[in-house]
Every structure is written in structure tokens, then in C-alpha cells.
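Down below are the structures I want you to see.
Shared chain: subunit A. Partners: subunit B in the first complex, subunit C in the second.
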Partner chain A sequence: MSAITTDIPVTARSGWTRTQWAGTAILMLIVAFALLAPILFPADPLRQSLRNILGGPDAASPLGYDHLGRSLTARLAAALRLSLWIAAAAVVTSAVLGMAVGVLAAWRGGWVDRLAALLADSFLALPGLLMVLIVSAIVPSTPLAFWIGLTLVLWIEYFRLTRATVSRLIVAPGVQASRLLGFGPVYIFRRHLWPELAPMLLTVAAFGAATAIMTIAALGFVSVGMRPPTPELGLMMVEMLPYYREAPMALLTPVLATFLTLLGLNLIAGGRRA
Partner chain B sequence: MTILLNAENVSVHAGAEQLVEPVSLALRAGRPFTILGETGSGKSLLAQAIVGTLPDGLRASGQVTLDGHALDLARPGGHRALWGRVIGVLPQEPWLSLDPLMKARAQVAEGHALVRGLSWEDAGTAADRDLAELGLDGAGDRRPDQLSGGMAQRVAFAAARAAGARIVVADEPTKGLDVARRDDVIELLMREVREGGALLTITHDLALARRMGGDLAVVLKGRVVERGPADQVLTNPQHDYTRRLIAADPSSWPQGLRRPPKGAPVLSARDLSVTRGGKRLFEGLDIDLHPGEIVGIWGPSGCGKSTLGDILLGLAHPDRGTVTRCAGIAPVRFQKLYQDPPSAFPRHIRLGQALDDLVRLHGLNAARIPGLMERLRLSPILLSRRPTGVSGGELQRLALLRVLLLDPVFLFADEPTSRLDLITQAEVTELLSEAARETGMALLIVSHDPDLLDRTADRVISLGTAPEGDAGTPRGVPRAGGGERLRDRVALV
Partner chain C sequence: MIRAVGYRLAQAVMVALLVGVLTFLMMQALPGDMAFRIAAGRYGYDSVNAAAAEAVRQELGLDRPAIEAFGRWFMDLLRLDFGTSVISGAPVIEEIRHQLGASLQLAGAALALSLLIGPPVGVMAGLRAGGWLDRGLLVVSTALRSVPQFLMGLILIVLFSIQLGWLPAAGYGRPAHFILPALTLALGLAAASARITRDAMAGVAGTPFYAFGRWKGLGEGQLFRRHGLRNIGVALVTFLGLQFAMLVEGVVVIEAIFGWPGIGHALVHAIFGRDVPMVQGTALLLGLGFVALNAAVDLAAHWIDPRGTEKAGAKA
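This part shows the complex of A and B:
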């Protein structure tokens, strides 16, 4: 039998657009910087040095120094790693949670479906930022609070999308035929549901990651997110704001990094072929 | 007889590829002209080229004279002034072409007012007259969703002709209609012809072509292979394709051998009653299905044919009654074939992979596949394709193969050939009945075509519906054929 089958992947992506490649390239550059900077320019992002206050670029830190003489290169890389980590973790958990609840709701229907929809609607009633703030008031560790809070915000979109798609597919002849042929839920998910869901999930995931990064930066900027001296994009912006005259580049660096990250993610999400 | 439309050397190209070879034809007042061909034969393209409604990217060439107006098809745009006034199109599935939010009267009045230039008041009166002529008195205030399929078709017809078009082009006018409704449409079109109009009908329906009479052209792969008076072509076909087409019509199939039921039934249902959407579909229905038996279910659309099969398979539940399976038979040996073959396979994986999955799940003998493929006249290369890359007929045979791998004792075939062309339909139906006879599986086959069931099945269960509430019933629910409240279990002959 294996003579007939070929080893081409089940969900052969039907080609990325140029826009999506551009987005991926930008994102890869950001990730590469975040990961490689500590190796190429080793410095402690918390180490202050009065000699370097608002110093310009040098060989040890090509992005210069902040008002406490800390290496901006090291701080930016650390801030990006933090944001990307939290975003990635939140996207993964919210996708798994949202899809699981969505498939369950569409598949079982009845009260399971109603309960899940009610839950999602109640979460949706709270603004995303507020949700993250509430969680951070309960959970002591800030990164953990961000992760949980963002997951609770982001899972709804996966849930709704999955539920709408699955409830359409589940009554289609294809799924009915597979059931009659004796296939179980795992097979139906793998062969019927996942190939339809996967391309949509990429879009939602990219948007979700952008939302997460923006939320972290926004809360940092209004000083209710990460606590100093932790390097974080929003915090770095607000810390450098008073020195915009003396060191405009030091202020622009975290802004630019945030902008490029969000641009990359949005290009990936929005560049799908119509 | 006056020639209302004369087309010379009409051809259609997509880039360098010729889709329709040059054709000349003439429509005469009072004589219908029918173009017969299967899906993808280019018959609709030919009509669209003549009417000037080809989709973007396609190019027509040739000359058309419409009621004295000469047009060069290579230069599009000349038709616009004649649309509605000289030539009108009755679209495929007209209930989809009507404005869903507009009342019937207004849809017809628009043509009178905007194309003919009557005042809205006069246009309304004219629309009422048109509707009354077509037996639609009182229907003018209904929206399309409140009209039955046949009524919607008549409204679309009135709208197409409102501006005085004497040449009517009907594109697959019987598509999606059952037999009773089909007769209404034919009567409607023939009326137009009797009144001195010209009619060009495009169809794949042999019965329609036969009933229309007049002239007939048979199209195969963009080429007219045979033409002449309809009765002559259909009774004495010259071209091989026409012969095959006529032979594939269920009414000319040889009568299959009927077998009396043998052995213990594999599936029995007692006292089934079903109501859907407040409508009683059937009640007190008893069915026994024996090994190797072929049982047909006939009935107009919406009468519960598919529901009955699903109940027998346990996919739906009756309001009352029981379904009993013969003890000791694995559940996977009760199977179903679907009306729309592509939708019955996982969309994103290769067909070979889908079969492989099945073989692995049940530990089947994969060595049987090549033999079955050959038996069902399927090329092995199909297994490397996805469902979208395979024709409907091939896919339905692959679905049959997939089912046969499980040695079914019962197969419910839900209109398995209604989306297929005539010749393919004949092939698939023949293979199905052979499979039933050879393997001893009971076959329950649903069709809206009484001839097909008559030639194939050992007995036919006929489902009917109550005729009440016709006016508001959705399309496709029959009005004709009705008086009988319920005719259950009418044994054939």
C-alpha cells in the first residue's frame, strides 16, 4: 500500500506571498538581533556606569548608552527576548486552549456549546488591558501574569474561529463518511479539521503575537507593567523620554524595534492571498 | 418562417485555445432550437457568445444578426442596446437571479419602466398582466423566498421578456427541478414558441430536448457533432456520441433482472414516522432489506428520501419506529454513497492516502485495491491526486471502491448520479448494481428519476408529500403529483 502514498506533507502550504516573506524577513532580523546581541556584545543590561551616561555608540555597544550608562544594545536585546518569549508562550497556550474549547463546543453542541460561548462572551466583555492588569494584581511574577492574562485575552479569537469552522465541517458529508468508515475523532481532526484550520491559525497567531507585544509595551509605558530595572520596550521608551534632546537615538531605538516587530507580524498576518 | 436570429461562424477562444469551434445557426420564429451537450462541452459558452455575455478573458468571433441588427462578435458592446428589447435570457436556476428582497411584481415592472420607458404606473399594470398570463395572479406581492421554484421561474421568465424580447435564450432551464416541475417549464417555453417567438435552449437533459422538438445540435468538446430536426436526430442518431448519449438515458436502458428477496434481511425498519420542519414526511413505514437486493426510493425533492436512508444508517433519528440490524455484523459494513462525490473525501489529502488510512485502520488487505480499481475502470494515477483533481464520475467510483473494501452488507446510495452526466450516470449505476449482485450487499438507491429506478431496482419505495400549503412552500417541493397524502411502499409492477 505504501507504494501508492507519497511522503508529501499533509498540509502543503499553498505558497507564501511576497508580503509574507518580507514580514518573515523583518521578524527574523529582530529575532536574530535579540539572540545574537548577548554573544556579539556581551554586557549586563543592568550594569550601570557613570562614565557612559547618555554615551554614543562605541564598539562595546553600537546602540549607545542610557541615562544610567547601561548598554542599550544589551537592554534592547533583553527587552525583545522578554516580549517575544511572552508573546510566543501566550500565542501557543491561547491557540491550544481556544482550539480545544472550540472543537469541543462545535462537536458536542448543546449545553457544552452554550457554556463555552457564554464563557467566551464574558471574557470578551472585559477590555484586554484591564484583564492583564487584573491578573497581574493577583499573580506575583509579572512575566507569568502577562502570560496568563494575554492567554485569557487571546484564546477567544481561536475559539470563535475554530467553532465556526468546525461546526460547518462536522455536518458535511466528508466527516460523516469518515465516521461511517469507522474513523475516530483523532483522525477526523487530523484529516478534516486541521487542514482547514491551519492556514487561518497562522493569521490569528501573528495578529495575536502583535497584540501581546503591544500590550506589554503599552503597560510598561504607563508604568504598570514590568518593574524597573527590567529591560522592557515600553519602560525603555518612557525612561528615555526626558532625554530626547540629548540622546534622540536612545529614545528612537526601542520605538523602532517595537515598530519593526509589529510590522513584521502584521505583514505575515495580512499578506495572505485573497 | 422568419429568421429572428442568425449566427454565422461563432467561435470562442481563451487566449490561443479554441473552446468552441465555429458554428452557424438560425433561430426561426415559432421553432425551438436546442443545444444538447454534457458539462464542459462548451454549450453555454456558445450561447453566451451569441448573447454577448461571455465572461472576461474569453473572446468571441463571428457574426450575429438579431432581428435585423448585425453585430460583430469580435467587438463586444454592440449587444447592450438589444438586451431585453430583442433578446432575453432565462438564467440558470432563476430563483438565484431574482432580487431576494424585491416583490415579484416590481421585478417584472422594472423591465417595463426602465427598458421600455413606460411610466411606473403603466409598468405596474403591465407587470400584473404578465404575471396573470403566466398564472401568477396574486403572487405579485411575494418575495422570491415566498415563491415555489416553478413560480420563481415564471417570474424570472416574465422579467426576461418584459421589455419585449422575442428571442429567449434558456440556459439549463430544468436544472435543479424535479420531473413534475420540468413539465411546467417546458410548457412555459413552448407557449412562447407558439406565440411566434424564437427560443434557444441549452441543456444536458435529453428528455427536455426530446420534448422541445424543433432543431437540435449536439455539442461535444466545443464542436457540433450532429444537428438536424430533433425527432430525426434522436430517433436515428448518426454520430457515435449521440448514440451513446441516447443509450445512456435511463429510459432506454435495458430492463434489469428483478430478483425476489432471498435470505434473512440485513436491515429491517418498522413503523417509521418522521416530521421535519413541521411537515410529516412519512409515517408507518416498514422496510426489509435482503442481501443482494436493490431497492429504489423515489420521490420529489424535499420528500424525505435522504432522511429515510440516514435513519436506516442510524445517522438520523425517527420520531417513532425502530431500525434493527442483523445481529453480529460490524457497524462499518453499513455504508453510504453521497450525492456530491468531492465532498465525501477529505479535501486536502491525496485519494491514495485516504484509502491507505482506511486499510491501516481496519487491517484490510491492500492487495485488493488494484483489482477493484480495474473492475471499476479506474486508472491508478487517480490515487496520486486530491479530490478536486478528479472528475465526479471517477470520484463516485472511488467512493464505491472505498466502501467495497469494507465488504458492506448494506449500502445507501443517496442520489449517487444526480450530479453526473448521462453517460457517466449509466456507468456508475451499472457498476453499483453489479456490485450489489456480486457481493450480496443490499443496495438502497435514491433517485428522482423514475426510469432509472425502474430499470435498476427490484422494487421501488415511493414517497410523496401532502400538497397543502403550496403557495409558501420552498422551491422544489412538488405541487403536481399531489392529491395523494402519502403513498408508502408502492411495490413496482
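This part shows the complex of A and C:
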């Protein structure tokens, strides 16, 4: 990736940059591991075995065992599945919510627009972690709380993007013509708005997924996220930290998995400035 | 300008309302009898009985209907009267003032450190766009962005405290305790601010007026001070406003990891103990802090670059 790539606008339609392909490859590897590990190395991620405490890699678990003799392969795969599922769910719901509010605000204009913008800015003022923490105290189930909390955090970016794009497009001749011809909002959205929005959404979605995975792991790491014994990336790190000297690899695997997932997502988001 | 200030005020009220609703829902959602929970938090689980719970219930007015509670709740919030922490019994304002000091020390140290690292590297990379430093910066900042702050903290602890034994892993009070948490926060911030500065600098360095300045014989240093600094200033200052959000999130996690007695540490404990008044006070403080800082950033950006204020007010 040369220095000028940052100046090329990210147009996912007309071909991806090499960086984005690299990111996709890394992410695919992670997803493949998360999905295939239970088939290739079937093991219950919660099953303890005192004989395997801090055991090294063997045929049943190529990543070794943790301090309770649980298979780290199974636990890592389960943790990745959990994080990826929550991230995907949060990205989808926040995209739908943010785009709906964004289109509505730009379309209606006036006080609807101002109110929506004010609401989004107020949500933005609350740090994302704080929002997720508070929702986790309201909603009893932790994965559900993460989903709702992250949706409330991530929708703002979609909203801002959609609002900015749509308010520019809505006055463009193409949309004006369609409206005069009597086409309904659904047609105008599909024909005029969506093709402009779609390529930009990928960047926001990749960043959103990275934020989600980071948040889940960070809260797990400081013991206010998922509860043990659920396999979760942050929890696995904090569980293995005391055994760092005896089993450095056991600590390193969740760390590397988190890093690679985030790296893949950040590379896909690519060209966009921080 | 007046419009912009009015907007920030409306935003502040909205933030307060949001915090009010969220924390009220949080209180309503507490499982079991809240009076028992709070009593257990205060006196320990072994010495809780119905009488103690009843005393707590009377003291905190937990037996009123929900709507009335929300009304009182929100009025108290608007008067910035957060009540007392249900765990420690001390006024929330006092607790927060105490912790805010520690947090500000850490955040200040991190911000200063990141400004020492980030912008200078960014300027050097931006002046020679495409050079080895520029390409190196891109790789390093992409990698750093993929390392969440808690992970950076973990790596630094393992490296400097466990392996090398140079620095304490956690604690507060001595200057040595500052280094690891501040460095953890600063690295992430510096990676981002270096990129921002680099992009702004590369943009300015490519303009005709910069080339003209060089052509008429200004030295590199002179040229940068006269024509570069102010132009990249707006991008950097605007970014600092955004960094605050990053810094706050970082502080919450980093303080919990390094045992730093600040606001983030307190917040995590308050969430854990369902200490709603503390959560409310902290959340409101962070939210309003963000609004105030962005208002300050608006003003600073206006002061650095008086052009285009009409647009700047309505945005962000």
C-alpha cells in the first residue's frame, strides 16, 4: 500500500484496493477457523479436564489447554463466533436504524431534520463504552445487551453519512425528475439513493464491526462484559494472564486472534481517514 | 456563532435527558429488592435483615411510584444534585471531584505524551509524502489501530512489568505509576493524530503558496511556521475534540486495568454494584464534558481560521 492510496476515494463498486483484499483474506481465515474448528476438533468449550491443565498442543486441540484443562481451540472458536455474531447483528441493525432515520431527516427536512441531528449529537456525546455498560445494567442477558448497546452506539455514523448524502441527492435533477414522474419513495430510494450509499456503507460497517469486537473484548477484560465460563476473547486473556509464565502461548492466542480480526476489518475499511 | 452556542446548549439539555432516562431505566431494571441490594452493599451480605432493608427503603424513598420517582429524579439531575452514592454514602459530587482529579492527571499526561509523538512525526511524514517515513507511519498506525487500548495495556504490562520488571504494573501515587497507563493511552492517540497531521501537512505542502514560499527563499523552518502551522492547526484542533471521546473510553478501560483511582475505575465499580447515582453523575459529567469541549473546539477553530464559520457552526 503506497502513500497515495489514502487520496483515492473508496469506491467498492469499481474494484477493491490490494489492502482491502488482504483484509478480506485475513477476516476469511478467522471466520473459517471459527466455523470449522468445532467440526475438525470437536470439543465442549466448557468441559474441564484436570489432566490437561495448561497442557500443550495435541491432536485434539492444536492450541493447547487452559488453566482448567479446557480446550483452547474450542474456546477460541466459540469466542470468535460470539464476537462476530454480535458484531454482525449490531452492524445490521444499526445500519437499518441509522439509514432509516437519516433518510427520513434529509427527506422531510425542517424540524424533523434538526431534531434527528440533535438526537444523534447527544448520543455521540456519551462514550460508546459507557452506553454499552449502562445498557448491560438494564438488559439482563449479556449478548442481547451488547447487541442493543452497540446498535445505539453505531447508528450515529450511518445516520450522519446517510443524512449528508441524501440531503445532497434529494435536490439533484435525477430525484426531482423521478418525483415529478410520480415514483414513490421506495423506488427513489432503490434507484437513486441506494447506489450512492452502498459503497460508503462498507467502510462504516467494517469500522463498526471493529468497534463492536473491541468493545466486547475490552469489557470482558475488565470483568463487566460476558460472565465466565462463557468463552470470550477478553475474558480468555484475563483468565490466562496469571499463567503467562507457564503457558505464554495460551495468552497469546486470544491476543493474536483479536488483533488479526481487527486488522482485517481495519484494512477493509482501508482508505478512509481515521 | 450565537446559533452554534445555542445548538450546544440544546445538545447539553438533550444529553442530560438521555442520561436521565438511561439511568432511570437502569434503576427500574435492578433485579430483586433494591433496598436489600443496597443494604448488602453497605453492611455486607451477612448483616442484612428486613429492618436494615426497610431503613434503606425509607432513606432513599424506594417505595414511591415510578413516574413520581422519575420526575423527582430528573429535577434533581437538572439541579446537578446527584444525591449520595448508595455504596459509600458520600455525596456523588464529592466522589466525582475526588476521582476526576486523578483521571485528569492521567488523561493530561497521555494527551501531552501523544502530542509529543504524533504531530511531529505526522509533519515530517507529510512534508515528504511517499517517503520511507510516510510509508512506515502508515503501516505502524494501521497496526496500532488494530490493537485495542486494553490490549496495548496488557502487552506493556507483560513486557515492562512482568518480563523486564522495570515498572509497576498497577497503582497510584508515585511518578513511576504514570508511565505505563499514560503510554498505553498515548500510543493509540498518537497513531491517530500522526495520520491526521500527515494528511493535513501533505495537503498544505502540495499547495502553490507553499511552493512559492520556498521559491522566494524562506527556510524550511520559517516556511513551516509562517504557512504550515496555522493551516494544519484547524485539522488538529478539530481532531482533538474527537480524541476526547477516544480518551474517555480509553480512560474507563485503562483505569480499570491499572487500578487507577479515577472516574473510569469508579464507573466500572458503580456499574458492577448498580450504584445508580454514581453512574448518573459520571455519565452526565462525561457527556457534558464532551459537549463543552466541542463548543471550545468550535471556538478555537474559528479563532485559528476565521473563514467559513457559517458552515462550522451547524456541523458536528
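Rule of thumb we're sticking to: the second predicted complex is superposed on the first by the 258 of 274 C-alpha atoms of A that agree within 3 Å, B and C clash if a C-alpha of one lies under 4 Å from a C-alpha of the other, contacts with A are read in each partner's own complex, and residues count from 1 in each chain.
The working rule: a residue touches a chain if its C-beta (ideal position, glycine included) is under 8 Å from a C-beta of that chain, and two chains touch if they have at least 3 such contacts.
Remember, it's a predicted structure, so these values are computed and weren't measured experimentally.
Student: One more residue to check, A:Tyr187. First (subunit B), second (subunit C), both or neither?
Tutor: After superposition on chain A, A:Tyr187 lies in contact with subunit B alone.
Student: Based on the superposed arrangement, let me know which partner A:Pro140 touches: subunit B (first), subunit C (second), both, or neither?
Tutor: Touch partner of A:Pro140: subunit C, not subunit B.
Student: After lining up the shared chain so the two structures overlap, which partner does A:Ser61 touch, if you call subunit B first and subunit C second: first, second, both or neither?
Tutor: Touch partners of A:Ser61: none, neither subunit B nor subunit C.
Student: Going by the touch definition up top, name the partner, subunit B or subunit C, that contacts more of subunit A.
Tutor: C
Student: Which partner chains sit in contact with A:Ser83 here, subunit B, subunit C, both or neither? Use first/second/both/neither.
Tutor: A:Ser83 contacts neither subunit B nor subunit C.
Student: So subunit A touches subunit B in one structure and subunit C in the other; where do those two contact lists coincide?
Tutor: Shared contact residues on subunit A: 1-2, 4, 6.
Student: Across the complex, what residues on subunit A touch subunit B?
Tutor: Residues in contact with subunit B: 1-2, 4-6, 8, 10-11, 172-174, 176-178, 180-183, 187, 191-192, 195-196.
Student: Could you pull out which subunit B residues touch subunit A in their complex?
Tutor: 313, 315, 331-332, 334-336, 338-340, 343-350, 352-362, 366, 369, 380, 383-384, 399, 402, 406
Student: What residues on subunit C touch subunit A, complex-wise?
Tutor: Subunit C reaches subunit A through residues 7, 10-11, 14-15, 17-19, 22-23, 25-26, 29, 31, 129-131, 134-135, 138, 141-143, 145-151, 154-155, 158, 162, 191-192, 195-196, 199, 245, 248-249, 252-253, 256-257, 267-268, 271-272, 274, 279, 282-283, 286-288, 290-291, 316.
Student: Could you please specify the touching residues of subunit A with respect to subunit C in the complex?
Tutor: 1-4, 6, 118-119, 121-131, 133-140, 210, 214, 217-218, 221-224, 234, 237, 241, 244-245, 251, 255, 258-259, 262-263, 266-267, 273-274
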